[in-house]
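Listed next: structures, encoded as structure tokens.
Two complexes, one shared chain (subunit A), two partners (subunit B, subunit C).
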Partner chain A sequence: MKTLTGKKNLKILGLASALGLALFGLATLPAAAGGIKLLNVSYDPTRELYEDYNKAFSAHWKATVGQDVTVSQSHGGSGKQARSVIDGLDADVVTLALAYDIDAIAEKGQLLPKNWQTLLPHNSTPYTSTVVFLVRKGNPKGIKDWDDLLKPGVSIITANPKTSGGARWNYLAAWGYALKKNNGDSAKAYRFVSDIYKKVPVLDAGARGSTTTFVQRRIGDVLIAWENEALLASDKEAKGKVELVVPSLSILAEPPVAVVDRVAAKHGNAKVAKAYLEYLYSEEGQDIVGRNYFRPRDEKAAAKYASRFPKTNLFTIDEVFGGWQKAQKTHFADKGVYDQIQKEGK
Partner chain B sequence: MTEALMTAPAAKAPGKPGRPGRKKRHPSVIPGFGLTLGFTVLYLSLVVLIPLSATFIKASHLTWPQLMDIVTDKQVLYAFRLSFLTAAAAALVNGVFGLLVAWVLVRYKFPGRGFLDSMVDLPFALPTAVAGIALCAVYAETGWIGALLEPIGIRVAYTPLGVIVALIFIGLPFVVRTVQPVLEDLDKEVEEAATSLGASRLQIFVKLILPAVMPSLFTGVSLAFARALGEYGSVIFISGNMPLKTEIVPLIIVSKLEQYDYAGATAVACIMLVLSFSLLLAINLLQKWAGGASRAR
Partner chain C sequence: MSPKTASDLSAAPLSPKGKLSADTPGSAPAGTPNAPMMRRLDTKQAATSEPRWFQRILIGVALLYLFLLLFVPLITVFVGALEKGVAAYLGSFGDPDTLFSIRLTLLIAAIAVPLNLTFGVAASWAIAKFDFWGKNVLTSLIDLPFAVSPVVSGLIYVLLFGKQGWLGPWLDLHDIKIIFAVPGIVLATIFITFPMVARELIPLMEEQGKEEEEAARTLGASGWQTFWHVTLPNIKWGLLYGVILTNARAMGEFGAVSVVSGHIRGMTTTLPLQVEILYNEYNYVQAFSAASLLCFLALLTLAAKAIVEKRVARSRKDAAASIGGG
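So, the complex of A and B:
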């Protein structure tokens, strides 16, 4: 018994000192770097993009203005990140997956003006992406377009649209395709999308999770994914094991960026935060975008990386669904179309 | 004979500190009751009560029909059923095998015992997401164990069984660590005496050991159960998150938050809290009643 308490005391001592060290570390961490500090709160797949871009922007700002800028990044699910900002995470800029999430920051957090999307060019989206398919090497199930997904014996991997922003783009891409194919008949589009979700064996909570399920767990015949994620997987992570298939029609995914005015003003970072986002549209910024598998807006950069991004027909969410607010309300809110699909026949 | 034996170790069971002293109205050995109680109340308020009441306040923005509408939704009801059933199943499995693990660690000396002993704590230390990914990798149909189970028709990953496996993993240390000290305090001489008086091994286990460890086993199992109910990180990777099939309540809460539906999310959370609290209370009462019954014999 005595030795036991002795051990326990030691354990507690160890824990306490570890805690103390951690607190000490936390306290000293922010004080280490000098100059301007900027926080960019982003979503999951942009990690590599902003690692590259932050270095370039710091160099650019030092060269033109002469100040040191350190940009920190925070990544996570788009919706979760937006909620953190609403609840007080000190983001100077946000670069998220959907306009809906930045709308929420404007509306519920009142941290930036409601017309934020008009303040920067191209709907405030300096880069775009789209929704494509990833299939096994050699495309054994012969998947070329959306209709092939419904072939018997094909199992589909996509994430849960209720929890993943990327999965919402996937859903809307399928819906938009079916709508166009059936001349705008929404009952037929409902049938098509419902049939797709019947063939999904796993609904991961996030887009990265479903990529893991498909690539690492080797479950499913086709992954519906962000183009940048699919390119990253087929070019680097799972080279030689998976192939990219671009459907005949897909959605133009526009992940928007915005300055969080109230926070940036409080930090005295308004000017540099704005410049940070504007530089994304510059020649160098657009080149970094293309290098990191996002589609550049700038034509020169787009031409340079054209071989990466196969040409296909793209529709926007505004054209087909009347914007994010409306799409969210109709399709993804509780008791919305997606919920009806899931409850059908059960 | 048995009466004295049974109550002695039971009184040392964890979770009931300081009670005998107060009952007998001895002046406390350590002064400062007022100060420490004040600190305890303040501390509990800051850490537990205030955040929890914030949950209830948020949920109280809803009217009664709205609340009923949310919690009687088919999808939500399924999730409640899955969460409670899998948590209970995992806690029971842990009750049996956790006791076994604790027994082996306490009663036998063998090389590598210290290593095994610290391994029990791993589920505490590991980030639950890592646990979830690891379990999923092993139990998916392409994983080491999953590939063996697939041919005999058992699918673990992406089924309720997978949820139970994840919950067993995270709940194991609770049972082992609550039962272990009690087993350590059990006198071997008593068992030897029982043997010399002609008791069989089964009799010793059922009449001597089990009653002694029962209170701590109850505590361990209910802790494991409570922990399992709220688990999110490890489960979402292995469950597959299919609506009406493998969706757990925490996932429902997250998907409501994803729509910025704070009231709806907290409503589900409150129902969850009330249900778990009543269940834990019931378990506690049952434990007291069982303890009283065995003492009365």
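So, the complex of A and C:
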């Protein structure tokens, strides 16, 4: 009896291992293609931009230098991505939502020099954006400016400032508006921003997450979003379902780029990584930037796409908050203002 | 003695006993075999049953709950995947990044499942058949991955192997990549799935006892022979059940893998991560198509599970019967 089951047992084991082998055969990954491999670790809404740009850069590099370059992408909330690079995600270049996140990589990770922002033109920001609102078609709640967000019955979608760069720009834009309106009274600004966060039902980890929450899952009446993210949705991906609303005052968002020196050097990619970022400032690079709804720095590209970008009053983070280091420390660090707002909300 | 006759024998005195205990509920003699006790409980329930309309409402609520929470989402996935027709659905799998994620997911399962099978058998063999110091601690430790959140499981590896972690500087020096690369994903998957085989085998092996192994040893079988000819045939269905569950979880894991992956397309994205990426890039059809693969996997797992479960129940009954008969 037992020997019989033993044989059956053998058969089953044999079958299982054959299946395992078959799985393994299926799974053998394709051999790595030759040429240079570059990893660009970026934030959430640049997915489409860099998909376009990587193709253009590979073609450019092949034409001018003659080498094949494959650029891999990784996207997520800017703060989270910076954390991953610090923890060892092998980024040759980082293209993040705000300067503080790259500062963190320089300080905590010691992977690039602290003066990184001086190494490329325009404070290492080849494109800019701002913060706008996205509302449902026909703007049923009549949202025109920041104050309308606090109307009763309006539910607001924005991402978590702790993990998302865009969400930090959103927060600062709201704060800056409230400061200006209340003649610099920061207690009133605190109240205003705190009231906004009380009306947020879902805090996603990244900007794209909150866009899909608003557009696809149809939660909320207004999305506070990157201009590029809102344009992509209203002009292309959710055309006819959502509308862009430009507030009277907003922030000039400057998402910077940098070569992660130590990683790029280790990979032998220092030269190509630098060229990759520099080409963002070229005529073709700037055109791709504009095409993907980011505001180009280059005047020619800016003029070409000017009709896309609504004119509004913009303040910079340096003017109102004294730069990212200070803003981060006051507002987003542990036990900072944002933490107090969160605590109050509970 | 053949197991069949044994179970027939134990089933024979069922009906009189059932009637008897229905008259005097709760007066079960100590040491009644398992199967008759179940029967007795059934009759007792029938005697004190709720009105029929109440039963129907309860069943209706349960079905509605199942429908809303399980079937509607499942259907949504397939509706989403087929929204633009079968051609678009099949076309989704032509995307190189999606293809890569399917391959990577298979590779990870092909590594994690055999390793956890070996570990699970060894651990349950040790726990069920031997007494040693610290056995209780080991039994609880095996359950640890079930108890902690998958995100924490992922973070453990970041804290251990990350650049700022304990082993990070050493690994960096020797140019070994663990997290944000395939090894990290494999490790996280193994961690998440390692209780599954052991959890399934330990109760089964404990129930079966160690008499048969002891008999084999007395008759001169070596340890390996005992395992191969006595233990393994007894646990094979339970083992298969554990393997199916391990495989399903290994292919479907999101949280822990998401933390250690780094989300590099075409390099470290598994199928569940690829679903999220596609969804976030407005590629809804592709996202749902990839998700439908995971659903097919789930349905296959369920079918295999149902078949194997029956065999497990039978092998348990056999074990009980052979004890009752001996």
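The criterion applied here is as follows: the second predicted complex is superposed on the first by the 313 of 346 C-alpha atoms of A that agree within 3 Å, B and C clash if a C-alpha of one lies under 4 Å from a C-alpha of the other, contacts with A are read in each partner's own complex, and residues count from 1 in each chain.
Throughout what follows, a residue touches a chain if its C-beta (ideal position, glycine included) is under 8 Å from a C-beta of that chain, and two chains touch if they have at least 3 such contacts.
Please read these numbers as outputs of a predicted model, since none were measured by experiment.
Using the contact criterion defined above for the overlaid structures, shared-chain residue A:203 touches subunit B, although it does not reach subunit C.
Of the two partner chains, subunit C is the only one that A:90 touches; subunit B does not reach it. After overlaying the two complexes on the shared chain, residue contacts for A:104 are found with subunit B alone; subunit C is out of touch. Applying the stated contact rule after C-alpha superposition, one finds that A:39 touches subunit C and leaves subunit B untouched.
By the touch criterion defined above, A:328 lies against subunit B but remains apart from subunit C after alignment on the C-alpha atoms of chain A. In the superposed model, A:79 lies in contact with subunit B only, and not with subunit C. Of the two partner chains placed by the overlay, only subunit B lies in contact with A:163; subunit C stays clear of it.
Shared-chain residue A:212: touches subunit B and subunit C both.
Once both structures are placed on chain A, subunit A residues 1, 108, 209, 212, 216 are touched by subunit B and, in the other complex, by subunit C.
Listed in rising order, the residues of subunit B touching subunit A in the complex are 70, 73-75, 133, 136-137, 140-143, 157-158, 181, 184-185, 236-237, 240-244, 251, 254-261, 264.
Subunit C contributes residues 2, 100, 103-104, 106-107, 109-110, 113-114, 158, 161-165, 168, 172, 177, 179-180, 228-230, 232-233, 236, 240, 243, 262-267, 277, 279-282, 284 to its touches with subunit A in the complex. Interface of subunit A with subunit B (complex): residues 1, 4, 77, 79-80, 83, 104, 108, 160, 162-163, 201-205, 209, 212, 216-219, 328, 332-335, 339, 342-343, 346. Interface residues of subunit A facing subunit C in the complex, by the touch rule stated above, are 1-3, 5-6, 8-9, 12, 16, 20, 23-24, 26-30, 39, 44, 47-48, 72-76, 84, 86-90, 108-109, 208-209, 212, 216, 237.
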